[in-house]
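Labels for the chains are A, B, C and D, by order of writing; each one numbers its residues from 1.
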Amino acid sequence: MLTIGLTHYLVLAAVLFCCGLYVMTTKRNAVGILIGAELVLNAACLNLVAFSRYRTGRLDGQIAALFVIVLAAAEAAIAIAIFVNYYRLLSTIDADEGRQLRG
Amino acid sequence: MEDKVVHGQPDLLTDFDRQRVAADDLRTEELLINMGPQHPSTHGVLRLMLRTDGELVLEAIPHIGYLHRCAEKIGENVTPVQFVPYTDRLDYLAGMNNNHGYSLAIEKLCGLEVPERARYIRVLMCELNRIASHLVSFGCYGLDMGAFTPFLYAFREREYILDLFEATCGQRLTYNYLSIGGVTQDLPGGFADKLAHFLDYFEPKIDEYNNLLSYNYIFVKRTAGVGVVSAADALAYGLTGPCLRASGVKWDLRRCVPYEIYDRFEFDIPIGIAGGAIGVPREVVVGDSWSRYFVRMQEMKQSVRILRQALQQLPAGEFRAKVPAALKVPAGEVYLEVEGARGQLGYLIVGDGKKTPRRVKIRGPSFCNLSIATHVCRRVLIADVAAILGSIDVVMGEVDR
Amino acid sequence: MANFTVEDALRSRWSASAKPRAVRTFAVLGIVLAVAALGLGYLASSAPGAGYWLAVLGTALAGVAAMTCLGAAFVIQFSRLVGTWLFRLAFLIFVGGLVGIALLAWVPALLYEQVDAAVADHYGAGATGVLTVADLEAVGWALPTDSIEVRRQGAVGWAPPTDSIDGRGKAVVGSAHPTASFLAYALWPLQFRLTRDILALVGVVGFVSLLAMFTIWWERKVAGRMQSRLGPMRVGGWHGWAQSMADGIKLLQKEDIYLEGADRPLFKLAPYIAFMPALALFLALPFSAAWICRDLDIGLLFILALAGIGVLGVIVAGWASNNKWSLLGAMREACQMISYEIPLGFALLVPVMTTGTLRLTAIGELQAGGFHTWLAFQSPFTLAAAVLFFTATLAACKRAPFDLPEAESELVAGVYTEYSGFRWSLFFFAEYAEMFAVGALAAILFFGAWYSPLPANWGAAWLHGPLWQRALYGILFNGPLWLIFKGFFFLFVQIWLRWTLPRIRLDQVMYACVQVMLPLSMLVLLGATFWALLVPHGSMLAVVANLACTALGVGAVLAIIGIVFYGYSNRRQLVGTLAIEHWPGS
Amino acid sequence: MTGEAIAFYLLAAVVTAFALGCVLASNIVRMALCLLGTLGGVALLYFLMAANFLGAIQLIVYAGGTLIVIVFGVMLTSRAYGTKLRVRPLEMIGAAVVTLALLAGLTAILVRTAGPVVSPSTPDFGVAQIGTELLSTYLVPFEVISVLLLAVMIGAAYLVQPEKK
């Protein structure tokens, strides 16, 4: 318990993963789902780095995590582009009702 | 959302405009914003309702009346001499010009003859005040564009003019100096020297400020081609003063319908010139914000010219005609316009033989000039609204009266 | 002229109940924080590794906060006394601060080396151990002569003594000096890394606070002089030097206003999100090879990352204010930041590629050879990168002409519209800290870091001389004062630009970034790559380019100095006779 | 209690709290901020695992990324529809049950299969090594990723370009 090992990180990653999963399944806002996906990806990254640190002893985990981060950025860009199109099609939100432009 | 063409200026689209129009397509929600009555760039208590799409202003509707002080009604309840101080408060940046117009109207109605010296003093004061007013406009316009320093310079020069006024009549803002029948008191000793001194100091400064602000690359980019008012539109909306002249219409009451003694002086009427001419940046379009701003800068030079001539010709003599203590406003009607700092300032006075006029109506140039704002502030950025408003140079005291 | 004292500022603000309440709150908070700091300190002393780092951070922050709270309680309780006392001694405090900074430059060399030497003496070189006070007392306090040299060459930061310091001259062991006992007690804590780190953190926090206060005053003075007025003149004695202090006290007492409908937790949190990264990036910012809190091998990335996070605070502030002007300001900030980080990053890559390291101290150490070895003057591309970097940082710090997020003539005050008092001032602390940080970063990456234009080896002999020679060496050739000076120079340029230029419009900002700066920075990066590949070091072309760029740089500096000198000596003629004579009102 | 343990538990608490914040927040901007907190915590965990470069990259990329998410969260939603992310209670309970079961299962497996706790014996890698690895061992994925990024850039630009009418 007092010495930190691989399991600690894996459990934490599992928690993160489950939070992300929950967010992805329940939130109905597209941006919210994107946020859930980011959480899941982070859990994966954490695993990769932890394995790299505690098991393989090489850089492979870190580099894989690096790739995941880059891919997550790319994914966010595409997702946002899709949301913009989606919103353009279905923009039915009343403009002047109360607090405009608030999230 | 409907028209993709900037209203009234289809051929003047710059690349920026095209980008902005294209950006429209990304529709987000429309936003209603209150610009004012307390806002740094509405120059007083103007309130603009902006309907915007993000940063893009779709419509700007001015709401006025926050400074309404019943000036016209007061004019019907006090004698003409008593009303002169109230005129100071209309366009509080150019009180002398306001006094002038009202005095001229009453004099015309009552048939008073003003002594020569008084007329020259009036011209001196009006032109000085025009410079002071344009200086405020110049400084505040820099401020609107985010340049702080010219503001302080402008106020420094204005301070000298106000000092001159203070030496003359004891007041720095609301003078009550050009009164009915002449001026309230003669010029103080040494005034001519001080004024000449000031003019020598001030004239080169105008070029300095042109170099500092007018030709600044960012400033030109911000103002040139923004808020273009065509000559036809300007006439249709009743623009006067620098706003009209910037649209290329050579119309100045001092020259076109000379009043007082303006026909005795030599001066030019600066108008808006398309970009590429000498002293005009390439990006400039006739009738844009830069032209409106620059016409004022040039007018200051012309005012200096007039001041020099008036100072040279200044005769000795009475400074005020004999005005009956109980001046009655004769039956009749007079409408007289003078070229104020912001445009044509008109007074309609109807008398019916009593001590007080029956009706006083004031045509404030800012009121008419402001009406163009809605027309021009379409499909511009919020920053451009500040640029356009500043170039129109409204004084709310005159708009609301 | 009657000076406006702190008491005057306070008198108008305190209601009868506010003062004791504030004193009570601050005192309780201070005590709680002090206890927390002690606890964390205890934890840190036993914790190795990264946990140690966190605990140190916590200890230092809690300690500083505790001191601040207790100090505030004291100041408020005795405001009349403190006010008069503070302002009587204004000049002394000012001069004392300057002297203090000058002396501090040699603290690591003079004190830390001394203690390290004592430890090494006692336990043998390379070993670690804890000395008792008695051990230290036995050490004579003659200064190790070449320790400064070692420290300079080692460039190891405030790392544990065992890291790299070997084969240094031993301290002279002599009989106990009368002051040795006192010194031993004073120096005993310095052998622990914890103490040094906490000192460094406290130094960083103090530096940032002083920096913001000084810069705000300075900016107002510069603005005043540029606008032919005097700027603040009343508070304090000399040229209103205490103006920001009085403003700070005033701001602290202002009501913390929330808007109805504002997102209160986020509204409250936002200033801290903006301020903390700006503070934390100083942890990785080297003031000299030895003066750095943590010499990270990814120092540059770390600073960049924290600068990016700080922006988030501004955006959240704009969003949480429930004010449309703030929201527009936040959107502008987001646009601007996302866009300008790209050319900024490209410009940063040029020195990184040239030097082959992300470690800021390493980049700095490469420029020790004098003016012509500065990175900006190595090739036309590095010079272009320096210019691009500076322009991009203007946008990143939202300084004029890129100050759109707070454009007061368009958006009232932009994101800061709804903020008042302390929270508002936090944003400005963050802004000025960031301004200095990017200035210092420009100096480190492009303009010789902590080295003077003179080659550092010219005065190397002075390192072995008496104290005054060493101090002179620090002033003339190498030391944190030079970095601070350069940082302030770039800060001054930022101030200068702000009070000179109008503001750019939003679409023009984006145009300038995407259509001008982005392609340019890409070209510069490409050019620098090919330069590094094709032009060997020391070849004819490299030397010519180096000389040409150096000449350009020298010319620019001389031109600036010349303009300043001309302007200063002709200021009366330039302003005009009227302004001088104060005519005709007087 | 070692320092690493303190740091880990502290950071784990922070990360978990922020992740839960993501779960519980109904406001999209708050969610994004919580995400930022989580990401920051994970970045610090990377620092803890001596992956400094990765931590810094995480901060840079995700700070920018979250920024965009927040901006779009603000722009694309309004209080009427987006903010109150109305979740059907049944859906919520179902998701909660499933996720908690998954978490329990994962944790059980992880704890049961946990090997002996070993301290890492690997050296701390520097940036230079990462760079070398990227351009030697992992050159192919590196190039593929860069091509992918280019494709994403073009694709995103294509997706959001205004429709021609």
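One rule holds in what follows: contacts are C-beta pairs under 8 Å (C-beta built on N, C-alpha and C of every residue); 3 or more make two chains touch, one makes a residue touch a chain.
Bear in mind that the values here come from a model prediction, so they are computed numbers and not experimental data.
Farthest chain from chain D, judged by C-alpha centroids: B.
In this structure, the chain pairs A-D and C-D differ in their number of contacting C-beta pairs, and the larger number is found at A-D. Chain closest to the overall centre, judged by the mean of its C-alpha atoms against the mean of all protein C-alpha atoms: C.
Work out the mean CA point of chain A and of chain D, and you get 4 Å between them. Computed from the mean C-alpha positions, the centre of chain A lies at a distance of 35 Å from the centre of chain C. Mean C-alpha position of chain C lies 31 Å from that of chain D. Look at where the CA atoms of chain A average out and do the same for chain B: the two points lie 59 Å apart.
Each of residues 84, 93, 99-103 in chain A touches at least two other chains. The residues of chain C that reach two or more other chains are 319, 324, 327, 331, listed in rising order. In chain B, the positions touching at least two other chains are 26, 28-29, 31.
The touching residues of chain A, when paired with chain D in their complex, are 2-12, 14-23, 25-32, 34-36, 38-39, 42, 45-46, 49-50, 52-54, 57-59, 62-63, 65-67, 69-74, 76-78, 80-85, 87, 93-94, 97-103. Remark: chain D residues 1-2, 4-5, 8, 12, 15-16, 19-20, 22-23, 27-29, 31-32, 35, 38-39, 42, 45-46, 49-51, 53-54, 57-58, 61-62, 64-65, 68-69, 72-83, 85-87, 91-92, 95-96, 98-100, 102-103, 106-107, 110-111, 114-115, 117-122, 125, 129-130, 133-134, 138, 141, 145, 148-149, 152-153, 155-156, 159-160 touch chain A in the complex.
Of all residues in chain C, only 43-44, 46-55, 263, 266, 296-298, 301-302, 304-306, 308-309, 311-312, 315-316, 319-320, 327, 330-331, 334, 337-338, 341, 357-358 touch chain D in the complex they form.
Residue ranges on chain C touching chain B, taken from their complex, read 223, 226-229, 324-325, 328, 331-332, 400-401, 403-404, 407-412, 499-508, 511, 576-579, 583-585. Listing the residues of chain D that touch chain C in their complex gives 1-8, 10-11, 27, 29-30, 33, 36, 40, 47-48, 52-53, 56-57, 59-60, 63-64, 66-68, 70-71, 74-75, 126-127.
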